[in-house]
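Given below, in the form of structure tokens, are the structures.
Two complexes, one shared chain (chain A), two partners (chain B, chain C).
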Partner chain A sequence: MTVIMADEHLYTYGVIDGADRELAVDGVAGATRLYTVEYRTLSAVVSDIDTLEPEQTDENLRAHDEALQTIMSDEDIEAVVPMRFGMVFKSARPLKNVLRGSRSVLTRTLNDIEGTVEMGLKLVAEEGVTVDRESVREDVSGRLRGVSVEETENGLFSDRLVLNRSYLVERDDREAFDAAIAGIEDEYGGSLITQYTGPWAPYNFVDLEIGVDR
Partner chain B sequence: MSVAASGRPSSESLAEIVDRILDKGLVVDVWARVSVVGIEILTVEARIVVASVDTFLHYAKNISTLEIASQSGDLEDLQNLEFGSSPMVQPAPDVPDHRIGEAESEAEEQEAEAQ
Partner chain C sequence: MTFLLDDVLIKPWISLVKILRSTAIQEAYDVEAIQDDIKENQLLYEIGERPREEYEQRREELELELEVAENARENLSGRVEVKQ
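Moving on to the complex of A and B:
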């Protein structure tokens, strides 16, 4: 058996369902082309890279995010399991091996997040304003429950941060979700600053670690 | 960063990106990323925390382990190994790591066949 050694390593952005694809998108470390490495029904979206440890520069971080944005904006791609920054594989061989070994869980995860996006919502109290945090949080939950699939609580790292959540939203419900956010801003505009971001790959709804037992 | 009256989101700030891509997402152990076939027994371990309605917290600690024999040096020929667990039926937040017996024995069988 011949083992083909690749000259380049592979920087991975995420895992999608099937289909060979190529995207003319700028990637991490100056890459200009994204393509897929497949194992049966799964594909990892990758670009060539010459290091196993890419630097965490602003440029590279943004490139990783932008590549995922492009993947998500492709109508033919229903879901993407996003990789953490810096997941470089030595070659296609270990990548296929990982896809193969975790195929079942990746497939199930892709099914769970199919057709959804993550939206971020932070509510920050205006300087010197006191709000009834609990009632705001409950009210917001109630307004968004019907237009989202799931919510997660993220850290309240500042005293002024009243709410910090991620929502998993069906693509088809985006307009309704946007409208509900606008309603929240109308209601609390005088006392709270609304920070609404997305769509993101569902980072806060996918938590997978694949390791090696040595 | 303030939301427009339409309710549509603003573009992402670097801080928002960092919050996600450095702390969240699929992580693959460096050994699994550099291991080449034929050198060692490769074990792929997946920690499953897939969010699905009402189940996110329930299986936050559900851990499945799948061992893959790679000594034969011909992984492509090995049949795909499936996880035996389903997160939908395992609301067990305090259950310790466990191994999927069938998957392991299947791997061993295949390894034996390959040799």
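Moving on to the complex of A and C:
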């Protein structure tokens, strides 16, 4: 009897520095196993998938993020260069070609983000409350400068948003960063709502254009 | 001769109609504004200001609006200039 298997492609979560590993983690499109595809010192963390264009559902987006968080929480993994949702390769060969072609930039990026995490901060004005936005933004920058490596501005997509930033934070500075956020909450508690999220893979601090020939 | 005169008279009107139509398309199918509304809806839900049911209903409406706007831009942008 001939069994026809669906094409298995590789859904890629990110790139790490290191060798062969396997993780029992739920992935995108119902995957239950993550493993690595290596090229020299680099490894792409992948799971099998039967489509080249996975649906961008809440469930799949969450699975992508959670898989990256699990990778980041592994003590043996110093850093992960995250891929945006939806990066699928037909097979290991084109993926290895990408790792080979981007090897120097990937290695440099892994060194840059080693031992760090991304934290998100949004400050939202309470309904009907007016605040001096510029002064808040400057104050927050000052409070977080000493406990973060870098900050980046994200879009102010709502009139209520006073600040929307991502911070790159050393893992060792997490407690100090949390304390600084608590200080911001105390200072502006009556007029601003604080939304503090993370740790995330450093999406907003990795600026890579990888040419893909799937 | 008549043909030339008509041509001169009509051209500014065509140009004006084009601009008005282009502006109308930008406003009616403002993809970026709808994307911002989707993010705002999510934010208001996350900070507890919008109940789940209202959030989900609004999200469905906005996703539909976005799909219509994206299709419209794709279909109309070849005929009328739409600023991104």
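Simple rule for what comes next: the second predicted complex is superposed on the first by the 204 of 214 C-alpha atoms of A that agree within 3 Å, B and C clash if a C-alpha of one lies under 4 Å from a C-alpha of the other, contacts with A are read in each partner's own complex, and residues count from 1 in each chain.
The rule we apply is simple: a contact is a pair of C-beta atoms (placed from the backbone, for glycine too) under 8 Å apart; a residue touches a chain by one contact, two chains touch by 3 or more.
Every value quoted in this text rests on a predicted model; they were computed, and no experiment measured them.
Steric overlap between chain B and chain C is absent once the structures are superposed on chain A; the two fit side by side.
Of the two partner chains placed around the shared chain by superposition, chain B is the only one that A:M83 touches, whereas chain C remains out of contact. Legend: residue contacts after superposition of the two complexes on their common chain; A:L168 is shown touching chain B, with no touch to chain C.
In the superposed model, A:I193 makes contact with both chain B and chain C.
With both structures placed on the common chain, the touch criterion links A:S158 to chain C but leaves chain B unconnected. Of the two partner chains placed around the shared chain by superposition, chain B is the only one that A:T109 touches, whereas chain C remains out of contact. Contacts of A:L23 after superposition: neither chain B nor chain C is touched. Counting the residues of chain A that each partner touches, chain B and chain C differ, and the larger count belongs to B. In the superposed pair of complexes, A:V129 makes contact with neither chain B nor chain C. With the two structures overlaid on their shared chain A, chain B and chain C come no closer than 5 Å at the level of C-alpha atoms. Once the two complexes are overlaid on chain A, the chain A residues touched by chain B in the first and by chain C in the second are 193, 195. Chain A makes touch with chain C in their complex at residues 122, 124, 127, 155, 157-158, 160-161, 193, 195. Contacts from chain B toward chain A in the complex involve residues 1-3, 5-10, 12-14, 16-38, 42-53, 56, 60, 64-68, 70, 73-76, 78, 80-83, 87. Within the complex formed with chain A, the residues of chain C that make contact are 35-36, 39-40, 43, 46-47, 49. Within the complex formed with chain B, the chain A residues making contact are 1, 3, 12, 14-15, 40, 52, 56, 58, 61-62, 64-65, 81-85, 87-91, 93-98, 100-105, 108-109, 112-113, 119-120, 149-150, 152, 154, 168, 178-183, 185, 193-214.
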